[in-house]
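First chain A sits with chain B, and in the next complex the same chain sits with chain C.
Right, the complex of A and B next:
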């Protein structure tokens, strides 16, 4: 039961991550791969504050989100000044560079990671508590993003993504809008990172490598990019499949690349055969 | 005061070490110039090139030339297949930049996972020993590897320059790079140009991975970091300026080499990312040096 609840917490965290990534890449049309690094910024900020300060846990998690948001604004403001393509390059460099930094700093725990992050709730109620909290956050994220994209601002986002030239010609500032979308998406990822740090009480740079980028991208593409519930379906499926493989009892040296192969093959297959994803396709069929 | 011999040694080592970066960067920058795509699938091609050579040399125990030929054939074929059955399909469908990016990056990761499954994650070198005989030239130690690296990179650049300048196929590449639609109106096939450039890039990648694999350990993930060097070189040189990108790659190698004088070696990798951000912030269209021209009398 504990095992299933932990999977539930993970699914909720990845629903938050993939939905926020979908806001950036699917709705905003911003090419970035660095979403896991904002997840990392949130996790490390919350984890370090939990160890070194007496601030309450929700405050630390929120500060994790704020730190991720600030970092995302700095990245996007500098890269988008030139063109959308630069954001992609800058984001990749930012992710790899910041991970190098985390690996080399002593106070982040170096390559070994940050251990002994204090738990907020102990005992038997711990996992159910986190399941409820992360579940509520996931629902709030999906509902919040749905509200944004279905409202007037969402229509402006779609217009900006589909016809940037016409959008700009109407006097709207596309760059500012992109920065705002990027900041919201990355801030949400930072909050997910804070919850992750508090639940698992251990974080290491390896957990935020490019493999994570591929995993989150797979969730979004598989479920349906630019759809509200696509990333939810993608996150559930992509976390369920590795659990099924776990039962095969493969050695770790085979398990990790096998999971990676499954992720990447799914993305490639959907990219060519079903670009609209599962939810997008269902919507089209209806 | 630093010893001039030490500075000369660092300078030489920096130039030699940058040779594989130059080759990778040229392949990447040429592809970007002609196709207009940031082709991250080249990271996967790097992995294919290195592990093909590694397999032929260490498992089949065949000579180096066979390993190079096998790597060139396999990497070239893979590059061509990616172009024909991947990129061209997406072009025909009118896909956006984001789709191309997802395809090339994810394909690279797929190749890297397959290679991880086959070869594991231990660092591998092409030969059992990476030690290279050293000659002292004016108090500067010059290894056989240094000489080979500089010769291969210089030779590659000269050949490419000659190809782009004096052959019709090369001139077609330039025409497609300038304006693919206009080039097609003049009877130049853009598809053919994209295929040619994919094979040329593959050959540069094989040469680069041979040098890297004979100088240090490679793990399946290494190409993802190596491609970033090519990206930074391309940005620093300015998009569309292939030979300036090559010069930028030398500059990156020199920065890394000279950095040992001022910073701890563990921070060396971070320097590249620093350069990336400085480039994006200050030189988004590349660094353009002023052109010095000889003013001829009577002109």
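Right, the complex of A and C next:
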């Protein structure tokens, strides 16, 4: 049970990550790979505050989100000023640079990571408690993003993605809008990071590498980019499938490669057969 | 008459190509000014300079007497310089009504903070914008297309939607880039009528057009451009009567 609940917490956190990433890349059309680094900024901020300050845990998680948001505005405001394409390169550089910094600083724990983050909640109720909290946050994220993209604001985002020049010439400030979308998406990732740090009580820089970018991107693409529930489906599938395979009781020598093969086949199959993703299929058959 | 829009010695060059060579242009309230000239004369570039898509190398632009040179593209639209595009640039994944709703000069529903904290104001603005959009569509006889995807409409109607979207901006200046290209039949009549009505309501209208009879029917004054220069400014009849210009433009 404990094991399944842990996977539940992980799924909730990845639903938050993939949904917020989808807001940025799917709805906003902003090419960035750096989503894990904002996850990391949230995790490290909350973790360090938990160790060194006496602020309550929810406050630290929220500050993690704020820190990620501020960092994202700094990145987007400088990169988008040049051009939209520049963001991809800038985000990659930002992620790699910041990870190097984390690995080489003392107070972040260096390459070994940040250990002994206080657990706040202890005892048997710990995992169920985190399951409920992260689950609620995941629902709030999905519902919140849905509300944003369905209203007048979402209409403006669509128009901006369709025809940015016409959008701007109608009196809309596309650059600020992109920065706002980026900041919201990255801020949410920061909050997810805070929850992650409190639950696992240990974070290391390896967890936020480019491989993680690929994992979150796969969730979004597989589920359906630019759809509300696509990233949710993608996150659940990509986390559940490897767990399901472990239940087959295969010898370890076969299991590890099997997981990799199934993953790769799945991604390739979707790219060729259903490029709009699982949820995207129903709506985007043009 | 007071000039609503005035350009002063507007210059712009791309390398060796001069697209605007000391252009001095005024458009008055209620006037429909025709901009004619051969391809590459700098007509669309002039629109791009006025609306803020391009920045001039030198020269100034005044709206109601105030310099707007520092204002970015989106700010000029909010100041009331509305324009259409030669290739329309409609929002292709959206319906006709949604296309129009993007275009009012100010729109509180597009600010996250206002959506969150002044919900009622957003709802009111949304209703007003919808009313205005439906009225504008009704003027063109297109109200029944409101919920159609723009890409599903015939070309002539798409052109009209491009104009309708721009008319959601109630500012003093209207720049129309080849409104008649590819438009015929009923859409042609509608286009002509609506442009005339807009001028009568007091807007300063400037249009780029190759259709000479459209210009002759609508414009009181016309400007002939070639190689980024204004060669002649006068009535349409004067311009058409000028042999030198006819030769340059029509090649006859």
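As a convention for this text, the second predicted complex is superposed on the first by the 255 of 286 C-alpha atoms of A that agree within 3 Å, B and C clash if a C-alpha of one lies under 4 Å from a C-alpha of the other, contacts with A are read in each partner's own complex, and residues count from 1 in each chain.
Note that in this section a contact is a pair of C-beta atoms (placed from the backbone, for glycine too) under 8 Å apart; a residue touches a chain by one contact, two chains touch by 3 or more.
As the structure is a computational prediction, the values presented were derived from the model and not from experiment.
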Handout entry: First (chain B), second (chain C), both or neither touched by A:159
Key = second
Practice task
Using the touch definition from the top, say if A:184 reaches chain B (first), chain C (second), both or neither.
Solution key: second
Exercise for the section: For A:4, decide between first (touching chain B), second (touching chain C), both and neither. Expected result: neither
Handout entry: Touching partner for A:250 - first (chain B), second (chain C), both, neither
Key = neither
Practice task
Examine A:151 and indicate which partner it touches, taking first as chain B and second as chain C; both and neither are also allowed.
Solution key: second
Exercise for the section: Go through the superposed model and pick first if A:167 touches only chain B, second if only chain C, both, or neither. Expected result: second
Exercise for the section: Could you say whether A:125 touches chain B, chain C, both of them, or neither, answering first, second, both or neither? Expected result: neither
Practice task
Using the touch criterion from the header, give the chain among chain B and chain C with more contacted residues in chain A.
Solution key: B
Completion exercise
Intersected contact list for chain A, partners chain B and chain C none
Fill in the blank from the handout: Counting only contacts in the complex, chain A reaches chain B at residues 25, 29, 31, 33, 78-79, 81-82, 84-86, 88-90, 92-94, 96-97, 100-101, 104, 210-211, 214, 217, 221, 253-254, 256-258, 260-261, 264-265, 267-268, 271-272, 275
Practice task
Going by the contact rule at the top, pick out the chain B residues touching chain A in the complex.
Solution key: 38, 89, 96-99, 101-103, 105-107, 109-110, 112-114, 116-117, 120-121, 224-225, 228, 231-232, 235, 266-267, 269-270, 272-274, 276-277, 280-281, 284-285
Handout entry: Of all residues in chain A, those that touch chain C in their complex
Key = 148, 151-153, 155-156, 158-159, 162-163, 165-174, 177, 180, 184
Practice task
Would you mind writing out the residues of chain C in touch with chain A in their complex?
Solution key: 51-53, 73-75, 77-78, 82-83, 85, 89-94, 98-99, 101-103, 105-107, 109-112, 115, 122, 126, 165-166, 168-169
